[in-house]
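Report on one structure; see the data block that follows.
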Amino acid sequence: MKISCDIKVKHLSRVEGHGNIHIKIKGGRVTEAQWEVVETPRFFEAMLVGKKWDNAPWICGRICGICSIGHTLASIRAVENAFGIVPSEQTRKLRLLLKHMETLQSHVLHLYFLAAPDFLNTGSVFPLIKSHPDVVARAARIKLLANDACDIIGGRRMHPTTTVVGGFTMLPDRCKLESLKRRLEEAVTDLHRTAELFRSFPVPDFVRETEFVSLRGNGEYPFIGGDLVSTDGVRMKEHDYKKMTNEYTVARSTAKWARLSRESFAVGALARLNNNFAFLHPAARELSESFGLRPVNHNPFMNNIAQLVECVHVTLESIAMINEFLDNEWDEPRQAVKHKKGKGVSAVEVPRGILYHCYEFDSAGKIVRSDCVIPTGQNHANIQHDLTELAAQSASMGRKDAEIELLAEMLVRSYDPCISCSVH
Amino acid sequence: MIFRLINKRELRELFDVLAENRIIGPVQKGTSHDGKALYAFEPVFDFDDLKLDYTSTARPAKRYFLPSHETLCTFSVHENGWEKTVDFNIHEPHVFFGMHACDINALDKLDKVLLESNFPTPYYAAKRKNMFIIGVECTPQPSCFCRSMGTDSAFHGFDMFLTDLGDSYFVEVQSATAFNFLKNIRTREPKEKDHARYMKVVADKNSMFTTSVDTTDLAKILDMEFQSDVWKYWGDRCLSCGTCASVCPTCYCYGVEESVDIDLKGAKKKKHLYSCNLIDFAEVAGGHNFRPESHSRLKYRYYHKHRGFMEEFEESLCVGCGRCSEACLAKITVPEVIASVRSGVKPKGKKGRHGK
Amino acid sequence: MENKLPFVDVLKDIHGYQRKADLGSFEYSHKAEITNVYPLTSNEKLYQIQIVDPDMRRRFTFQPGQFVMLEVPGVGEAPFSISSSPIRHGDIELCIRNVGNLTNFLARVERGVQVGITGPFGTSFPLKEMMGQNIFLIAGGLGIAPLRSPILSVLENRSRYANVDIIYGARQPSELLFTYQYDMWRKFDISLDIIVEKPDAQWKGPVGLSTDILRKKLAEPDGSLSNNTYAIVCGPPVMFKFVCNMLTEAGIPMQKMFVSLERRMHCGRGKCCRCNVGSTYTCLKGPVFDYWSVMNLKEAI
Amino acid sequence: MPVDNYLGVPLHRPKVAFFEFTACEGCQLQILNNEATLLDFLSLVEVVAFREAMTERSDDYEIAFVEGSITRADEAKRLKEIRKKAKVLVAMGSCACFGGVNQLKNRFNNNKWVKEQVYGKFPVESEEARPLEDVVTVDLNIYGCPIKKEEVEKIVTNLVLGKSVSHPKYPVCMECMANENICLYKMGEPCLGPVTRAGCDAWCPGSRFGCWGCRGPADAANVEQIISIMEEHKFSADTIIDRLECFGGFKKFAGELKKRTAKSKSKKKRAAK
């Protein structure tokens, strides 16, 4: 059977930002399969020019509401790298803990509120409140915990306030950290239930050979700083990030696209897992294997599972880190900052993949040039190529219109794209 | 009054005796950018955290008896009806370990309006009746002018009062409760020479004041200078931020706000301390504002403290603790405002709005 | 546990209706039911409110000029002058204009709803002192609401007062309150003059400001206001300022003229300071002041 | 069973829709961040469109919550359509209320340069970033970057009850003091708390981070005075301007200060010559 269809999804829902999908199949031949990014750009890179260094993290956090903590931390680190500031071990750990809580928050939001409705045949999480109250309550519980943790450590869950160049304005309350630890321990059970839920969802069987780019861990699963690697064997230093991203502009997108060894590459939870499987917490690795998720996995839909695995990883690692904190004396939270002329690059793994911030300062500590490369921006080309492949497969398999539309939407959603962020 | 002398080391014993209760006292909360210790009244669990030689706290202990936000009552709401539950928000007595005379006098002043006039407020009363207060002699700070306000020493309103004599404390014992507590530790009757030492310490303290306010006929002068241009000068500087009232141990004005719970099954009536310097303090339905200009609000604050309270209770509602002077970013200080109103001359060398 | 301080419970249980000096009177509100709602104009309604407990209702007494704080849980609490006769005790009437949060909510409330009433608060018009004398009442707009209580009180004891004159001014005829009662008032030998600023087609009465009528009255041969006249003035500040000046010139002593002031109030009990004029609490020393006091209050007018 | 009346007054469960323009979508996310009360919140209203969270959408709504600023002609057009449909249009967050950080690019007065800085020669459509009220009438503002969920809940509860919605008229200092924070000026940090509208419960100063004025000026804010106070505390003109211009609420004052600083600089230069 030769099928024909014309699918137009304007402003895809349950993703952050504005993107459209077009798939046209005529008599079994794909004539069009397009991922369009129509988000309005905000020009952060331009607005930073002339601003003093302390503005950068505060303003750049606003690139994205979901991963504002990641942006803030990336920005802080870029400034610190430019000024030659090395954060104390306490600061480094506390930042990582904060980052973990954002990862947990963001992944749970995506898994339950954005992805799960597709498998449970609803358009949103709202009908699930009635049909699956326990599922929604569990999601809310984990998310609340992660968000509260961000409040405790970062001052607030969005656009954090305690995180500054040089460290923290103040340290979290000891009692609050203790209660946080207890809640994290309880969350482990909730995460196992989450795993059971996702085990009951059929993961679409779709594979396309892909290059995966992420940070490379040095003894631990990487989140903040380190070398850049790809599954195609590329390895580079942080400051060479431009050679890793090779950004270019495309007519149908206000976001820039990226490429490395092939026409496109992917970043995100799956990429991190593919490159650093060995560094996962043993329990997380075990969970991953139980889903048949082992490196190098080329099914983009498995990104959801990779997120789940990371949830377990960050939760367990956070518990250990809090224990360590509580056992130790605490140092001054903040070191003095002396600005100087120079350039600083920082790569940070945010929920959706590797994020780069780069600033160049003049001798007065003002920004002369800035550049931010967002994970979703790096994924756009890969989404496009996946979509083309999915359309071709669907055409040859004779899938129905509605089925193709849902699969296409799910495919894009599995990247958990953060579109407004990519068009910062 | 009964006097006692206790060795300094014995104070720790007293603390431990009292520790069965919740103890509030001065502790160091931070350090200012010029290296000065910043103190606050906080719950104390360890005697070593208690800093009895503190300069002054940026905030009074007000939050323990007049909290900035307080739920007056809650309602449970059902079809056409409701029930009201009132809670005075205190469930155990508090020990205040180390209050200065100004703060004790402030409590006495608040008592006059909140306890002794018509409609005494139980929310305050419940907390006030559950305070055990240990006063401690202070060292005058640059912004203090309590001596001018007659509040540099406390005659009542505390249970016991400590004066540091170097190796020991001279203790004024005012309540039977305090007397009983003191039985737990070693004390002795002061001797004549201890009295002399005490008098010397007090005299030394009195010589240390650097700031003063001329309060002669102040109430009348405020009346006469009601239209003075000097108010406009201060009004222009004022940020209308309410900080002075927030840090003042005697400011008690408030606003009430009611809210319905998000599940629509209950409601709350909340009180929050306000400040007469805030723009909408005297705004009524329809939007009419009786004090739209910042100078009229600032003037009202002085008027209420130094004239209205005087008329009502024969004393001023200011204890000269100097906290508002310290806290005000616009550097509006009571001594300067009163001096300028008195003389009708604006201070020199300070900028008002638009640099005038 | 011998060193544990005993907890002092200032108030073991709240005993209903209390004296002003008792701690229990502070947050005590009478539960009351709105028994009826009459729309008077498009912006004002008359609410009949009855204290639910019959015993409390009987014990609730007030003087004309006093106000209550009316509370709708979760919505708000505000002061309103009692508009009904004091002989009805805790079965009161309030005339309320919808101007804001609480009053707009009240405008949507129907009878049967429970509200909270505290009070009565404040000073009153000295009707006892006025006995045997002439009374001149001058109201502008909503100012008739607090005056209705003294008017009704006078009606009930009509023979004890000499001449009673009311001048009532409103912006337009549709804004006149209590129109259904004018005839009755007149039947009780009360001279009632009503004037509007903007007449409509049906309007037959005089047009202008209440001061116009007052001026005319004062010019009448027997209009001289000798020592045996009291005046009660209530309305917007500009109005009472003019009226009181005219009356002073006509010879009424300042301490025999009474006005009711409106200020913001959050407690009604002399605590929140919001109603202070100068440094005088309107809720304790007012809302009814004689004109001499008003003149001596800084920032009153 | 959702409650259908409050003290006998029937409740109105409004149909609400959420929209976003140029923004980080953080304000919408704050609504989803209501975990503890989200269910109660959702039973107060009927959400008919919320792209970030749901697929279904409907054009039948009374209250439109709009996030983001307007930076393109198509956005202005869409906003006007929303205005036509909505009875109440709510500007949600600093971007919608004042332009937010997006308006920082306006300060160059050179859109072409801005575009080239990011996209080089690649053509992109973008205009000045404008707050919603520059395009349509706004009925209600919810301030903040991000908005505070407690405040949104209160506002929506009040809308449902028919209570009036009002913002604090006083500045952040009031809340900061109520929370017993140490004033940042004592610690040598700048803060716009004395002039910024309260309502955030002194979010930033509570973490020892000076306020940047995301909620815009309080009623009767004495901005000139805080500028001279900051100058007395030896904060540079750049630092003061950075704060004032960050979210757009104090744009006017930032502009004036910039002009003044430029003038005194050129005077100094001339004097040096």
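Per-chain residue numbering starts at 1, and chain names A, B, C and D are given in the order in which the chains are listed.
Keep in mind that, in the parts below, contacts are C-beta pairs under 8 Å (C-beta built on N, C-alpha and C of every residue); 3 or more make two chains touch, one makes a residue touch a chain.
Everything numeric in this text was worked out from a predicted model, so none of it was measured.
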> Would you say A-D or B-D is joined by more C-beta pairs in contact?
Replying inline: A-D
> Of the chains shown, whose Cα mean is nearest the mean of all protein Cα atoms?
Replying inline: D
>> Could you work out how far the Cα centre of chain B sits from that of chain D, in whole Å?
In response: 36
>> Please tell me the distance, in whole Å, between the geometric centres of chain A and chain C computed from their C-alpha atoms.
In response: 65
> Any idea how many Å lie between the Cα centroids of chain A and chain D?
Replying inline: 26
> Roughly how far is chain A from chain B, going centre to centre by Cα mean, in whole Å?
Replying inline: 51
>> Show the residues in chain D shared as contacts by 2 or more other chains, in ascending order.
In response: 6-8, 161, 163
>> For chain C, give me the residues that contact two or more of the other chains.
In response: 72-76, 100, 112-114
>> Among all residues of chain B, which ones touch two or more of the remaining chains?
In response: 77, 80, 82, 259-261
> Between which chains is there touch?
Replying inline: A-D, B-C, B-D, C-D
> Okay, in this complex, where on chain D does chain A touch?
Replying inline: 20-30, 32-33, 35-36, 38-39, 42, 47, 50-57, 71-72, 75, 100-102, 104-105, 107-108, 113-115, 117-120, 122, 124, 126, 129, 145-146, 203-204, 206-209, 212, 238-239, 242, 246
> Can you name the residues of chain C that touch chain D in the complex?
Replying inline: 72-76, 100-101, 104-105, 108-110, 112-114
> What part of chain C is in contact with chain B in the complex they form?
Replying inline: 1, 3-11, 14, 20-27, 29, 71-78, 99-100, 103, 112-114, 116, 262-264, 266-267, 269-274, 276-280, 284, 298-299
>> Help me check something: in the complex, which residues belonging to chain A touch chain D?
In response: 11, 13-17, 40-47, 49, 51-52, 54-55, 58-59, 62-66, 68, 109, 113-114, 117, 123-126, 129, 136, 140-141, 143-144, 147, 155-159, 161-162, 164, 169-170, 249, 254, 256, 366, 420-421
> Where on chain B is chain C touching in the complex?
Replying inline: 17-18, 20-21, 72-73, 75, 77, 80-82, 84, 86, 88, 91-93, 95, 113-114, 117-123, 125-126, 129-130, 132, 177, 181, 184, 223, 226, 252-256, 258-261, 266-269, 274, 276, 281-286, 290-291, 296, 300, 303-304, 307-309, 311-312
